[in-house]
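First chain written, first letter: the chains are A, B, C, D, E and F, and each begins at residue 1.
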Amino acid sequence: MKRYQKKRIEIIIEAPMQARVTGLLDRMDATGYTVVPAIAGKGREGIWTREGQVSDASRMIMILCITDGAHVDEILDPLFELVSRHIGIVTVSDVEVFRTDHF
Amino acid sequence: MKRYQKKRIEIIIEAPMQARVTGLLDRMDATGYTVVPAIAGKGREGIWTREGQVSDASRMIMILCITDGAHVDEILDPLFELVSRHIGIVTVSDVEVFRTDHF
Amino acid sequence: MKRYQKKRIEIIIEAPMQARVTGLLDRMDATGYTVVPAIAGKGREGIWTREGQVSDASRMIMILCITDGAHVDEILDPLFELVSRHIGIVTVSDVEVFRTDHF
Amino acid sequence: MADIFTLAYANLVSPVVLFFVLGFAAALARSDLIVPEQIAKALALYLLFAIGFKGGAGVAEHGIDQKLMAAVLAGIVLSVLIPLIAFFILQRISKLSRIDAAAVAAHYGSISIVTFVAGTDAVTRLGLDYEGYLVAVAAVMESPPILVALLLIKGASLFKSDATAPEPGGRSELFREIALNGSIVMLIGAFAIGWITGPAGQEEIKPFIVDPFKGVLCLFLLDMGLVAGRGMRTGRQYLKPPVIGFGLIMPPIGAALGLVAAQMVGLSVGGTTLLMTLAASASYIAVPAALRVALPEAKPAISLTLSLGVTFPFNLIVGIPLYGAAAQAVAGG
Amino acid sequence: MADIFTLAYANLVSPVVLFFVLGFAAALARSDLIVPEQIAKALALYLLFAIGFKGGAGVAEHGIDQKLMAAVLAGIVLSVLIPLIAFFILQRISKLSRIDAAAVAAHYGSISIVTFVAGTDAVTRLGLDYEGYLVAVAAVMESPPILVALLLIKGASLFKSDATAPEPGGRSELFREIALNGSIVMLIGAFAIGWITGPAGQEEIKPFIVDPFKGVLCLFLLDMGLVAGRGMRTGRQYLKPPVIGFGLIMPPIGAALGLVAAQMVGLSVGGTTLLMTLAASASYIAVPAALRVALPEAKPAISLTLSLGVTFPFNLIVGIPLYGAAAQAVAGG
Amino acid sequence: MADIFTLAYANLVSPVVLFFVLGFAAALARSDLIVPEQIAKALALYLLFAIGFKGGAGVAEHGIDQKLMAAVLAGIVLSVLIPLIAFFILQRISKLSRIDAAAVAAHYGSISIVTFVAGTDAVTRLGLDYEGYLVAVAAVMESPPILVALLLIKGASLFKSDATAPEPGGRSELFREIALNGSIVMLIGAFAIGWITGPAGQEEIKPFIVDPFKGVLCLFLLDMGLVAGRGMRTGRQYLKPPVIGFGLIMPPIGAALGLVAAQMVGLSVGGTTLLMTLAASASYIAVPAALRVALPEAKPAISLTLSLGVTFPFNLIVGIPLYGAAAQAVAGG
């Protein structure tokens, strides 16, 4: 079956920012996103783990967004601006999908 | 060390379908798969979050399957047929592995 | 905005090995990593699911590490040696990032 | 009539109802208050455990009633009849597609165990007793409506050989899943264990399943309020006025049928209230999940928002006192 | 003086404190003992539920005190004053950046509900009573310090139109989030329900919220010990001696202000101890999360390690008995 | 003999055993009933907390027995002896590889705290008392078998300098992990706190750790039944008949050694039953996880399925009543 080239944006960011990142994706007309939990990690701000934590403060989440290449810069520019002030990273990679109209 | 080209299939689908998708992967002789939880998301069917949910109905999961390129269409065709009737998406990307015989 | 090529290492390994893998990444000077839970899966060692499990023994986790291509073999060689004696798999793929100095 | 209002008021200011209202309001106001997912599941498991066990221990204590079989039969009949009526009404008054109408009908034919638990709480507060085996009746009412809905959509082909079924396992697998649904197994299992070990067994675990029961129920209803409120916030647009109307008139219709059935079986006033409550309640845990597999084309947001956001609060706040009053009027004295 | 030591010793060997010590030690020794995340959240929810409800039921029982409004007002004043003092001190004695100092100040202006709960435990063990509405005072003290910190950093621009705010929702969204923080909603909600349903309502759920309360608190403090110990292990390097010093002198300063305020309001000895405890305590749940959104440039490890690893143990082990003794000396007899 | 059967029957229809059976049956029938992971972990934590604390409070109450040290010593000896015997037997009767045999031996040398808890339940039901310090004995028996298994496979090289160890941390890190395993820390920690705070401390948290204990145990055994049943469904193929046979004869052998040791120490009838139960039980939480790190070449499914799917049910249903009867025959009267 024919497959179409899309981009996969993977955002790892502190949990309290979830609503703001997804809100941005909404405003940028991303067709969807999925939030995946993370349980531990390390970055420039040191080590963290979710175990026993009541607060969302020192926890990260991962947000995945599949989007069209034509659309990707539109999303990435404000996204990077938002994320850069926070603890987290953004990566972009190539993926193929079946339903090009879906994204 | 030598690395081999494989395909990474990423399936995001409603949780009640988990057994059926993994059953399909089994029947198609995928060598393995891993199921990752999702905690929230948005798609054409709207926003969902796992918080406070007792039912599996409005929850998504992510299923990863690394497989050989030669094998990939064999898996993707019935997989897409199954998934297309349900809420969810499928993406495919390139990855490298060490043990080609493993996949 | 300019994007830089990096590598994304994805390690799926049994949960009791988490500290050893992240310890190795630390010693190899990876700039960071993120641990994502898995809830179920299948491999050569059979089917597993996290449900109802008190022990970490029969559970997998996924460790993601974004790193520079120049650095990647340095990490992969000892990593593969460590992982190969255990239940689990390692994949490598291409991603783009914004801040090349971050990785 | 004064009685209904007293009852309604007492119901309204019970901690159980107020915690639901708190959760609902917090979700509408977009507070980030949540009950973690696994905790919500554990609370549900606890309620099934406790209510099932107590039901079984009750049967062990009062001896097996000749009415048990009649009540189980009545439950099955109700759970086949109600989805058919619901489907018929929806086809008349709403513009839902056949598939969506069947899905909604399945939810209303099936039962909500928390509504039942809230009913037992109200009944007990009135100083009434009820037949322990109603727990088993609740369990048998869970699944038939799913099959009714599938029959409405797929007709006789539902029972044809599933050699050609595109999905692994096919139909027979689906039937097994529906019948061995976790909440049914927990409810019936705890009921059986309560029955076997009897009042002595219940005494052993009373500080776990009886004493803290109402407090746990408050926490669970807080969570339900949160989920229902969130559902109303994000799913409102799926509910056209006729559909909301259905969510408000279907419970009394179901309750009325439940009343007739309870009279025929000869249940006590408390038991009558509870059978009415079961008939009036709509599933929001087991049926939604089963339908995602069995009827994927149905829009999940419609049934779920309606069942949890409209009918559950209606039953909790207005319905249960009403059914209690009706049961008292008809079966009492 | 003997009294303080007896009290301190009794406090030290209470199960509650010992479980904290166990957790702390286990984390320092790098044991893999953990309390799962959702369980920790559920324990916190339970404590808010129980302490809020009991507070409200207490108000219902003792009638509404004229002092309630005065106490709430005192709480607000304390929660504005304390972060300002904290910021001033930090600017003098530490080398923290303005932003980090403001963030730490926000934590110390706000309150820790578990410290409060541990305080009620100590007060009750002394046979003292306390004003139920202090729960509401605790709730109103949570958020103002966040705004104080933002004002310190952003000045008046904080309240300017947020049309140009780079973040979705902007400032007004942020204010809504801070005001409707989950723990505030749970605490105030349970307080209101306790008030409405009164002692009768409390009686119904007593085996859930009263009887097992202290045991649950032990488990929660075990978790806090684990998290605090882990924080000290990984975050120690962020805490220079002056900062640690701040974490030890700020609680008595806050407590002294709390004592003055309590005297002005006219609280009981128990109530005075608790207002002192609130003023002395530092947030480690709500404020850290809010600041990640509102002041992302602040280093989270500093405030959190200080609040949880230094000030919380200090208050739990040394502070509370001290505040109790001071309250008895000043307000007692 | 009649006694054994009465005891066995009473045991069989206890809620605790029946909930295990329910879970086992539900898993075999592939019901989707589950206990969420974090809930299962919390239940285990609760049991360790409660049983540890009660043990310590018991020691505080009855004074420190001269037999404590002897019992601890006996526990260590048993936990070194049993894995050696198990290894020897497996090498004779099964075709398991040396590594797999050593792994299984480590499981059987170590203990299962839930089996112990079920044993205390049975002992208490018989109106017998037991020595509180057996909890500490249980804790010291957890780890030595892991070292025995490593010695069997790696020989003296196990203790050589680990400068060349390929894994971060190497051996010394591994020893630390094994010794500070979460369940040991919780058990010993709660034991120590129970001892320090004594019966007064226990009184404070009794409604949390004593009253609801048996109900929580039921829920935990439901979960164990589910996990064991699932394990049997997916892991059956790893268990050849000789291996299953080992899983059934090893517990009585261990129990017999436990009986001898208990006699030498001079334990009460209840204590004898429990030391036998410990010796007969096989680990399925701590040892499996440690061996994944220490002996990765061992196939985890073998030990785990055997321990949880064969030996645990055997001990729960048949073993414990048997050990109780034997203890009564030998140590009683």
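We take it that contacts are C-beta pairs under 8 Å (C-beta built on N, C-alpha and C of every residue); 3 or more make two chains touch, one makes a residue touch a chain.
In this text, all values refer to a predicted model and were calculated from it rather than measured experimentally.
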Between chain A and chain F, the fewest steps along chains that touch one another: 2
Length of the line joining the C-alpha centres of chain A and chain E, rounded to whole Å: 33
For chain A paired with chain D, centre-to-centre distance based on mean C-alpha positions, whole Å: 38
Per-residue multi-chain contacts in chain B, two or more chains: 26, 36-37, 93-94
Junction residues of chain D, two or more chains touched: 34-39, 41, 207, 211-212
Those chain pairs that satisfy the touch definition: A-B, A-C, A-E, B-C, B-D, C-F, D-E, D-F, E-F
Complex contacts: residues of chain D adjacent to chain E: 13-15, 18-19, 22, 26, 29-39, 207, 211-216, 218-219
Chain B residues within the chain C interface of the complex: 1, 3, 6, 8, 18, 22, 25-26, 31-37, 61, 66, 93-99, 102
Footprint of chain D on chain B - complex, ascending: 14-17, 19-20, 23-24, 26-27, 45-47, 49-58, 81-82, 85-87
Residues of chain A defined as touching chain C within the complex: 10, 12, 36-44, 60, 62, 73, 76-77, 80, 84, 89-94
Interface residues, chain F side, partner chain C - complex: 34-37, 40-41, 44, 166-169, 223, 226-227, 230, 234-235, 284-286, 288-293, 296-297, 299-301, 304
